[in-house]
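Lettered A, B, C and D in written order, each chain numbered from 1.
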Amino acid sequence: MDRLVLDVAHLFAGGLVLVSFLLLYQDRMFGLLNTFALHALVVSLSVAWQAYIQLAPHLYITAAIALVVKAIIIPVALHRIIVRLGIHRTIETVVGIGQTMLAGIALVALSILVMLPITAEAGTLAREDLAFSLSVILLGLLMMISRRNAVSQVIGFMSIENGLILAATAAKGMPLVVEISVAFSILIALIVIGIFLFRIRERFDTVDVHALERFRGEQL
Amino acid sequence: MALILDVLVQFVQLALVLSLAPLLTGYIRKVKSHLLRRRGPSVLQPYRDLFKLLRKEVVLAENASWVFRVAPYIVFATMLIAAALVPTFATGLVFSPAADLIAIVALLGSARFALALAGLDVGTSFGGIGSSREMMIASLAEPAMLMIVFTLSLLAGSTQLSSVSAFLHGPEVGLRVSLAMALVGLIMVAIAENARIPVDNPATHLELTMIHEAMILEYSGRHLAVIEAAASLKLLLYLSLIGCVFVPWGVATAGQGFGAFAVGLIAYIVKLAVGGFLLAVFETVTAKMRVFRVSDFLGAALMLGFLAALLLFVSQSV
Amino acid sequence: MTDLGALLAKATLLVPACVAALLALFPDDRLTARLNSLGALVTFLASTGLFFVRPAAGPFLIVDDVNVVFIVLTTFVGFTTSVFSASYIAHELEQGRLTPVYLRFYHAMYQTLMFAMNLALLANNVGLMWVAVELATLTTVLMVGIYRTPAALEAAWKYFILGSVGIALALFGTILVYLAARSVVGEGLDAMAWNVLVKRASAFDPALLNLAFVFLLLGYGTKVGLAPLHAWLPDAHAEGPTPISAVLSGLLLNVALFAVLRFKMVMAANPGALAPGPLMVTLGLISVLFAAFMLYRRHDIKRMFAYSSIEHMGIITFAFGMGGPIANFAGLLHMTFHSLTKSAIFFSVGHIAQVKGTQAMAEIRGLTVSHPVLGWGLVLGVITIVGLPPMGIFMSEFLIITSTFARQPVLAVALALGLLVALGALLLRLNGLAFGEPRGSSARTEASFVPMFAHLSLVLAAGIYLPPALVSWFQYVAGLLG
Amino acid sequence: MGLTILLSCAGILLGASVAAVLGARSKTTTSLVYAIALVASTVALGTACSILLTDPPAIESVQLPIGLPWLGAHFRLDALSGLFLVVTNLGSAIASLYGLGYGQHEQAPGRVLPFYPAFLAAMNLVVLADDAFTFLLTWEFMSLTSWALVMAHHRHVGNAKAGYIYLLMASFGTLSLLLALGLLAGPGGGYGFDAIRSATAAPGVTAAVLALTLIGAGSKAGLVPLHVWLPLAHPAAPSHVSALMSGVMTKVAVYGFVRIVFDLLGAPGWWWGAVVLTLGGVTAVLGVLYALMQHDLKRLLAYHTVENIGIIFIGLGLALAFQANDMRWAAALALTAALFHVFNHSVFKSLLFFGSGAVLTATGERDMERLGGLIHRMPLTAFAFLVGSTAISALPPFNGFVSEWLTFQAILLSPKLPQWLLKFLVPAVGAMLALSAALAAGCFVKAFGVTFLGRSRSSVAQHAKETDVFSLSAMFALALLCLIAGVVPGYFMDALAPVTHQLIGAQLPPQEHLRWLTIVPIAENRSSYNGLLLFVLIATSAWLAAYLIHFWASQQVRRSAAWDCGFPDASPVTQYTADSFAQPIRRVFGTLAFHAREEVHMPPPGDMRPATFHAHLRDLAWDTLYAPVERFVGSAADRLNRVQSWTIRAYLTLVFGAVVVLLAVLAVWH
């Protein structure tokens, strides 16, 4: 029984990393949204599984939030925004998809390398899971810096958050998980609203006033 | 009692230098004119000039301030005291502890300071020329002089003139290269300081070449007389300095009695005569140099003095 | 006694929260400023009570030697800033840069921010502390963007994104700490209670702690504004309302640094963990040197002092990184003095920018002639911040440099050069701002100078005489910091 | 007891400065502040004198519960601090007396009065401080207050820049002193001077400390090449403050050097002397050459301070060299010379700055090219200034000569030094000293002659009025002091004996009992000097000559136009100017010392354009040391400044990079 339980948990964690790679791979906006929905789905599933095996019903709330907010509402909202603001349907990348994937693999390797020294008595959550969530976080960061679109950057950030939720829920008996996930959802909601309010079409840095900053004081 | 006697001797020397100075000037002029196949004025001419000038009234420029009127007396007094402190016929006089060689050099500096100020006082361009050139020359001549002083005092282990000449009189001096350098340097400095050819020409009034004469251009009457007297005192001072340091023979020491004093006196006058003659010959055979060559001339003197001192520093190892 | 302490602690948290709610609902825009100051004053008084009576450490809240000084400092600066903000905001209303609606919003947010910071300081639960810091971030983001100029929105947005990433990193670190603690302490709240963590830290898994500290340092370090994580800080200071700049520099940076310090104590308590010193020293030194050079080409007065905040955060981090009783003591001292001084400087800068109608330093000249009090206040503040005596910062910098020089001469020389470069830049600007022929409007200011001079005189007094109680507190905490 | 009085004097002064902030408006405040300062510093002066003259000097120390918490503020009063307190408070007292009159002309008293007493207090406290923290705090506070005074006239062009450079250099110096004391204190933080004294430092440490102290104290005292701020800052301040900065504050810097190197650092190595000597010699010559090239009176005086600092450091270097070779009495002689020069320079430099201040108030001019003929308008000021010029030119019978004479005597002892480097170095330095002395005379012929003599070069100079009685009394007090210290130096040298005894363990033979007050530093037959006798002889013979001539010969005087080789009444423009006076010396030394270039544009005959002459001088120290640093900082700032305008994605990349790097480090660390 126990063996199986852990394997399922690992399955979800590994799946999340896989989906993160899929996110990195996407070059069309809508495909990205769908993949992110999948990402959120996997997270909610793993959270639910953790709730089940830890007998921690409050985790179901987190799972529900993940499912509703991130797998449904936000993708839909972003879909609307893209249509409304007429954002390009293709994703501008800084470096080619290929290099990004390679970098991603390197990051996964790094996170595993970092996790190696951790002694196994870290509990039921073995190093692998921790390594997985860390790699999800790093992949999310990589996505944020390798994509030029605001939307894809937001999605990168949300995948980071998924990784955090994964780690938090899998950390058995961690208090305040629900509160934290709620707080995070607020954050994300604000970001999405921000995109909408600030009419940010393509990038975070469309209005880059400081590029204009010229020094007008007396020289040294 | 003994103190009074010492003071008396001191004042004798004071009177001696005061009376001999114009004579020396006249004598040098006489020798020069003989060398030029002229008869020339009598050796007593300087005295006559002085008394003539003393009786004349003073013509002051409107702008002249008290500095202009006081300076001549300061110069004269300083020069007189300095000359009186250099041993002429006897060393170890009662006032000689008051000032050693360095102090005497500084006294000459004070006199120069006063005269340069006087040159600037009236506010004419020539006075300015004179003062600024005089200070330029002094800025090189004084260090050279001090270097020579270093050399002598390092040899004698004292800056006190009496001790120096006593030491150089003594046996353990021998012949030293630094002494030779010092002598040459001292002569060069003396020529520059007394405004003799080739540095300056005491007889010229050609505006652009004047140095010393330009400073005192505005002086007349008794002031001029006092300044002239001071100038001749300065010449005498340098000659007697060279004499008592480099040819210390015959100089009496205090308290040796009148016989020794008489010998010293004769020796001193002989030295003055020889020195004056050599100076006259030198001035006759050389030509005056451009003002801005003077710096090289005095730079050479400074180098000589410095080398002399350095040699002694290096040779004196403990 | 302790129940009274608990009451005070609760008051410190609840008063701002309630006042915030009240202000959000309160229609009248004339009284709001006063109410704001009043609330801040009550909070301050309540927190000063904590000096004398302390509650027992609960699972969520704790008052101990480590945070009591900072909580009092925070509430005090919060109060003085609210007084300053009253006169500042009135002027903004006249100028029409803010509408009454935004004013309500502003005051509500101000109290929320106070609540968040007090919570972060009082939190015993590291998760709670994280939530509080996130809340503080959100509120400040909203206030930075309150003027809704393109520049302000840009700054707010930059702050928002970078802050969120930092927060995310910090959360991962927090989770790791919990994991490290769980296997020793057991599941549940205790594994996140800070006092328990420190007690039991020696048994934790060092590898997990190391990983955790890396994330916590980077996460909260983003909030501290250490280079190269600093990017949000200058613009956020420059574009927001000046009271918020004062609170940001004076308090929020301190709170974030305080979070880092708490975890440094855990690290120090564990023999197997890597020494956090080198990391902090490196980050601190980078920040000092970077900020020092950045100071030269500034033309916006508020942005310049924001960079100076980066510099000083660097100094403090450097000091804690060096460790040892003297350096830690100096670091704590420097935290206190910096928050007082920098907020005072922003008070004067706020009035200056208002009366001159610009933040461009090239347009501001000869303040000591046109506005003597304001100008000399600025001069005094700058002289204090660059560490000239007899102000307190001279003492802390003296201790940091001398204690470092005996151990790591190279680092000390590098730090000293950084300080010198920064001093050169700030004095150069000060010359232009305070002296020479006055330029720009010389209208009278109806400013309240009390907060500014209160802060500066406190720093001055501390530079000459430190009360023994304070000294013993700092020495105790310095010992904990290892 | 004495320490208590001194500390309370400092306290009173600080209180006065706080009070002055409140009541800076009214005229009465001015008089009040200066009166308080006068009284306080006079009391302090008396106390310090009594300390210095009690034999053996009592060492008092006290610890106040302020400053560093676990250390407290230590203050100590010994012979050394006693001497420098005398210098400080003498300068302060007379400057305050001068300020009673001069301060009335101040346009912005609010910018002077609050800082002036604080400045005085700071200087006193530096000399009294007995632990590293208090020392540095008061030291930097002294810089800060003097900076505020420099900024008093911030609207004049260049003053703000001068203040900026000054405060920057001062902080630089303080930082290096801080490092030096940090080295001495060690990791344990033994900041007390007694702890430092008892500890013994490693050779490498002592070398570093000496270098840092030379930088720190030297930058405040104005050693070349750290002097650049001095000629900018000192003239910018109000004149009595310039006098204090030039005459007294530089001496406090010397005190810092002496305290650390002679007292705290332990037995010197012989090469210390070599380093200090070289710096001193170079400083002396370059300082006076710079001074000669100036035509701004106050700046000339400021540059000349650099020269005197050089002379003082020559003495100190000799003392170090002798002490290292255990020639204690020679070291005592050199140290006495240096310390006596410290006193003398503080006296006549203050006098000269007071004179320049009187000229400034009378004419509103600092530029000598627009002055001249002032001796007719302000005779008393002119007389006092003349005395000061004579004294600073090291001419007998004034005090400047005595200290230089002692320095020469010390140099003449140095052949006994075994080290070869010193054998070559010392005569060279001696030549430099002689050169600088001679140049100084030229410099002050120019300063006095162009300013006070000749004909007025501008209408302001024509209508100048004599200055007020307070300023005059201050100047004449100092002039009298110059003469007294010159004619009876024996008493002063005896007063210095306890200091040399404290620092070196030897002292000169007592001078005051010798016949006719002759001073004999070493031995009767070696060297001796008697200023009194010289003065009396010169005065009497001058007076006698004048009297006799006027009595026997003639005393008529006729005023007429100047003869001037027969040129008809040339205008005052044709007088020698300051620049033309310096031209021969510029030709001789200038090309070497500061790449002097002269440009003459002589239009062809018949052309109406005026001929022009330009002399270009460069400050080599600035070109070679400071300009590169300035350029580096500027370019580094420009490079880094690009970061300011990056995009958010770039910043995120920075964060990401930081994470990855730290994780990699962590991975490697295991």
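One rule holds in what follows: a residue touches a chain if its C-beta (ideal position, glycine included) is under 8 Å from a C-beta of that chain, and two chains touch if they have at least 3 such contacts.
The structure presented is a predicted model; accordingly, all values stated were derived computationally and were not measured.
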Note to self: Quick check: which two chains are joined by the most contacting C-beta pairs?
What the structure shows: B-D
Next item on the list: Averaging only over C-alpha atoms, locate the centres of subunit A and subunit D and give their separation in whole Å.
Entry: 69
Note to self: Roughly how far is subunit A from subunit B, centre to centre by C-alpha average, rounded to an integer in Å?
What the structure shows: 100
Margin query: Can you compute the centre-to-centre distance for subunit C and subunit D, using the mean CA position of each chain? Integer Å is fine.
Written below: 44
Note to self: I'd like to verify one number: the distance from the centre of subunit A to the centre of subunit C, where each centre is the average of its C-alpha atoms, in whole angstrom.
What the structure shows: 30
Next item on the list: Quick one: which residues in subunit C touch 2 or more of the other chains?
Entry: 157-158, 161, 165, 207, 211, 296-297, 424, 428
Item checked: Residues of subunit D touching at least two other chains -> 633-634, 637, 641, 644, 648, 652, 655, 659, 663, 666, 670
Checklist line | Touching two or more other chains - residues of subunit A | finding: 114, 117, 141, 144, 153, 204-205, 208, 210, 213, 215, 220
Item checked: Contact pairs between chains, per stated definition -> A-C, A-D, B-D, C-D
Next item on the list: Would you tell me which residues of subunit A are touching subunit C in their complex?
Entry: 114-115, 117-119, 121-123, 125, 130, 133-134, 137, 141, 144, 153, 157, 160-161, 163-164, 167-168, 171-176, 179-180, 183-184, 186-187, 190-191, 194, 198, 200, 204-205, 207-210, 213-218, 220
Item checked: subunit B - residues contacting subunit D, complex -> 54-63, 65-67, 73-74, 76-78, 80-81, 95, 97-100, 102-103, 106-107, 109-110, 112-113, 116-117, 120-129, 131-133, 135-136, 138-143, 146-147, 150, 153-154, 157-160, 163, 205, 207, 217-218, 220-222, 226, 291-292, 295, 302, 306, 309-310, 312-314, 316-318
Note to self: If we count contacts the way the header does, which residues on subunit C are in touch with subunit A in the complex?
What the structure shows: 125, 127-128, 130-131, 134-135, 138, 150-151, 153-154, 157-158, 160-161, 164-165, 167-168, 171-172, 175-176, 178-180, 182-183, 187-189, 191-192, 205, 207-208, 211, 235, 296-300, 360-362, 424-425, 428-429, 432
Notebook entry, point to check: In the complex of these two chains, what residues of subunit D are touching subunit C?
Noted result: 65-70, 110, 132-133, 136-138, 140-141, 144, 151, 154-155, 160-161, 163-164, 167-168, 171-172, 175, 178-179, 181-183, 185-189, 191, 633-634, 636-638, 640-641, 643-644, 646, 648, 651-652, 654-655, 657-659, 662-663, 666, 669-670
Check: Which residues, counting only subunit D, touch subunit B once they are in their complex?
Finding: 372-373, 375-376, 379, 386, 390, 393-396, 401, 405, 408-409, 411-412, 414-418, 420, 423-424, 426-428, 430-431, 434-435, 437-439, 441-442, 445-446, 448-450, 453-455, 516, 518, 520, 524-530, 533-534, 537-539, 541-543, 545-546, 549, 553-554, 556-565, 567, 570, 572, 574-576, 580-585, 587-588
